[in-house]
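One structure is given below, encoded as structure tokens.
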Amino acid sequence: MTFMLMKRDWRDKMHEIIYEADTKEGKLFDVALLWLILASVVLVMLGSVKTLDSKYHAVFNITEWAITILFTIEYICRIVCIKKPWSYIFSFYGLIDFFSTIPKYISLFFIGSSGALLAFRSLRLLRIFRILKLGTYVGESMKLKRALYASRTKILVFLFAIVILCTILGTVMFLVEDDAAGFTSIPRSIYWAVVTMTTVGYGDIAPQTVLGQFIASIVMILGYGIIAIPTGIVSSEITRQSLNKDDIKTVSCVNCSAENHSRNAIFCYKCGANLSS
Amino acid sequence: MTFMLMKRDWRDKMHEIIYEADTKEGKLFDVALLWLILASVVLVMLGSVKTLDSKYHAVFNITEWAITILFTIEYICRIVCIKKPWSYIFSFYGLIDFFSTIPKYISLFFIGSSGALLAFRSLRLLRIFRILKLGTYVGESMKLKRALYASRTKILVFLFAIVILCTILGTVMFLVEDDAAGFTSIPRSIYWAVVTMTTVGYGDIAPQTVLGQFIASIVMILGYGIIAIPTGIVSSEITRQSLNKDDIKTVSCVNCSAENHSRNAIFCYKCGANLSS
Amino acid sequence: MTFMLMKRDWRDKMHEIIYEADTKEGKLFDVALLWLILASVVLVMLGSVKTLDSKYHAVFNITEWAITILFTIEYICRIVCIKKPWSYIFSFYGLIDFFSTIPKYISLFFIGSSGALLAFRSLRLLRIFRILKLGTYVGESMKLKRALYASRTKILVFLFAIVILCTILGTVMFLVEDDAAGFTSIPRSIYWAVVTMTTVGYGDIAPQTVLGQFIASIVMILGYGIIAIPTGIVSSEITRQSLNKDDIKTVSCVNCSAENHSRNAIFCYKCGANLSS
Amino acid sequence: MTFMLMKRDWRDKMHEIIYEADTKEGKLFDVALLWLILASVVLVMLGSVKTLDSKYHAVFNITEWAITILFTIEYICRIVCIKKPWSYIFSFYGLIDFFSTIPKYISLFFIGSSGALLAFRSLRLLRIFRILKLGTYVGESMKLKRALYASRTKILVFLFAIVILCTILGTVMFLVEDDAAGFTSIPRSIYWAVVTMTTVGYGDIAPQTVLGQFIASIVMILGYGIIAIPTGIVSSEITRQSLNKDDIKTVSCVNCSAENHSRNAIFCYKCGANLSS
């Protein structure tokens, strides 16, 4: 029984370190993990550069194995110290942990085609968000998320209109321009419409005829003006939130029931009654 | 007479299914139509890709005929079950229905030049808006439309100024740069000015001389700054709309039933009656 | 004396037609002038297209002479019917009228180098603004101008910071990248910095080294973020103007001196006193 | 002792001229310095243009020596007339003054590799900010800085999300596209993602496969929409600042001297005293 208790204690301690950031050890673990993830992602990137890979292949391979083993240990620890292991394993972060660790082991068996597989390790980057959930920037990112969430229907309507518009404009340009300018099919013309509408403008496909350039000019001015819409939506939402939340008390005066008292008000601005009474 | 009544009933039922979305059948019909339109548009797109068309020409042709016949039946039904057929036929959606269905039939007679004609079938995409009129996103898209409508004169003034500015800048660049850089005529130089001002920047026409690049830099910074104007217009309009909604009491005066009282109003601004009584 | 009076009358009538838009004839004159200007500008544009010019040179020349003579008559009329001719001649629009009419006459003497000279005729486009001054869109464009004027110091500070930033970033890129990538001199590198910062991105000059691409990425994200500043400035200014001007009465209550009454308020929202008393 | 006093006086006078702008001489000194800096920066730029440098090398060299000597004198004066020379020498502007003056002297000893070194002289541009600190645009730039400072956490969260997003999208594109399209390594693909997301769009790397173009389209629309976020953040911050200024009484309470009373406040929100008494 004492052994069971001890084990429980040990697992509780580990759970605190790995899953929470309140204790000193928990914070240290998070910071260490953060750097390990960043190091591992940088390694994946450098490994994809052919000239570097051919030179330092052995170094990359050994470091990657070391990191993979560390992540494997972390993965096992996470399963061991949690009460409901299965709910972790099939959670969003559980799946990311698994699929970003496994590729290196698979590469032992399939040597040839492992390149694409290894890029899966970039998924580790998503793990950073788990660590940051416990960080200090949560408040602000929550505000942003709330603003985006509040205006999600407006944004969806906007995106939908953009997609329809690009499809129609792409089809029109397919009819107007010929193959030489790069408008070889309707999907490719739609791709051009998106590139132009969003003001990216690669230039790999560009209208050559006068009529095509005229239509393209309209598309550009349209795209240039349309950007005002999402900006306006989000601006207005953030303005409203910050005006409501930051400056105005939710308490109304008990005497005259006036509202919209500024945050640091003690007395009602209308009748002079004490607000906290 | 009973036959007449029965016929009327049958046509009323059909009208309800096709033109409205309140009943279960009406919704089902709308969803089925939505998918059929999407499938047909995807088909038009794939058919424009030469490699796919040469391989699966027969499949595309048969599917397209099937869809065209379904749309023809729908078109006939719409005419049959409506009370004023002519007002439907010459309405916006009536014309779209007609011109997006007819090309396939015409292609029977003119085999050679039917390519351009068939692209008209993309117009079917516009029919999606008819279906969505009955959908749930109407409220939000109405708000957007109202904000755009309220700021239409400001936006027109802005667009007009952009067009004038691009014309003058294009002419200046035509004088400064020579043909080698792509500035072969004034319309082409204006096209360049639009491409640059809207920050699209294809790069097919780009200034080569020092003076040209200096003017281009000014155009770019101008264009970069000018985008603030439509954004500001729409932002402010949406902000005002959403602020109004928040700052205005939902209570209407019991005496004169005036609405839109500001939040902290005690007396009606129209008749002076006490609002809380 | 009657002749003098008659003459005065005749000149007054002409002044009314040419300079004002209140009478029916004045409006007609403005509309006719508007179309003539547009036609003349389109002619200048088409004349710059080499293929068209070689084909229709005679047509263009004759039409241009007709338009030039009409503008000359208008110019003489403007001088004749105004009381202080010199103040008109040296006014902004007076100079534009002169310099956009004279090139055709000069081209009689200097046949060879008249190409550049003739492009001066595009200046006629600026005359459109004179006509529109009398139009209906003045109110809105005034609001825009006021918003821009109110935020001019903020915008100047911003533009100044952009120029400094582009100069420093251009110099840095000149050191990092070599000539092959197009960074042949500091002014050219600054041009690149402007092209990148404003998100235009022609692609005629683009970083090739890893360090250069890294710095370029930072420049891009910077430029992408920085656009928020002018937008924010103008947005806020327009929002403030429309909130102040449209919704709020400038009158304060004579009884309790409460302010911010909504536009259509008759009674004070605070004490119920009549606002118009 | 009189000599000491005289010397002190002389140094005080110089300090006033060099470090302050209240007196007539101080302003003159600042304006002269401003033009000298601009001239010197233009010289650095022109010197980097190879064709100009080979022609006017001697002129550039002599002018540069003249400017360098003037800046050296200024640097010595600054040290001499300040009370704590070391705190100036190691201050931000002290270091810039030193490192933008020294390269010309170093170029005497190392003739070959001085090109890169000389570009350091562009740092002089930063000295403009010191002069402008004393200028008239300070108020507005302070407002901008305050707005940016107030929204710094939101902007950091946003930039962080952009970097993560670009990394993941870059990796995905590296897997989807092959080397021919320019996606040769993950860092290069991330560079492409930044170029696309920020709507710069050079076009030196562009997707070629259908899947790649489809993903790219999503990236573009994403980037096009995401720009709404920083814009919204800054807009809302500037709006709030300018609204606060308008909605707040300039009167402070006579009883407790609290400030920032809202416009229609009658009683002090802090002590309850009547504000109008």
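Going in written order, the chains are labelled A, B, C and D, and every chain counts its residues from 1.
Here, contacts are C-beta pairs under 8 Å (C-beta built on N, C-alpha and C of every residue); 3 or more make two chains touch, one makes a residue touch a chain.
Chain identities (UniProt): A, B, C, D = Ion transporter.
Remember, predicted model here, so these are calculated numbers, not experimental data.
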item	value
Rigid-body rotation angle, chain B and chain A, from Cα fit (steps of 5°)	90
Same vs different contact residues, chain B with chain C, by half of numbers used	different
Selected from B-D, A-C or C-D, interface repeating A-D by over half of its contact pairs	C-D
Between chain B and chain C, centroid-to-centroid distance (C-alpha), Å	29
Approximate Å spacing (C-alpha centroids) for the pair chain B, chain D	42
Geometric centre distance via CA averages, chain C-chain A, whole Å	41
Shared interface positions of chain C, touching two or more other chains	158, 187, 190, 199-203, 227, 231, 233, 235-237, 239, 243, 260, 270
Touch list for chain A against partner chain D, complex	41, 44-46, 48-50, 116, 119, 122-123, 125-126, 128-129, 137, 139-141, 143-144, 147-148, 155, 158-159, 162-163, 187-188, 190-191, 194-195, 197-204, 227, 230-231, 233-239, 241-243, 246-247, 260-262, 264-274
Chain D residues within the chain A interface of the complex	153-154, 156-158, 160, 164, 167-168, 171, 174-175, 184-187, 190, 196, 199-203, 206, 210, 213-214, 216-217, 220-221, 223-225, 227-229, 231-233, 235-237, 239-240, 243-244, 260-262, 264-272, 274
Complex contact set, residues of chain D against chain B	199-203, 231, 235, 239
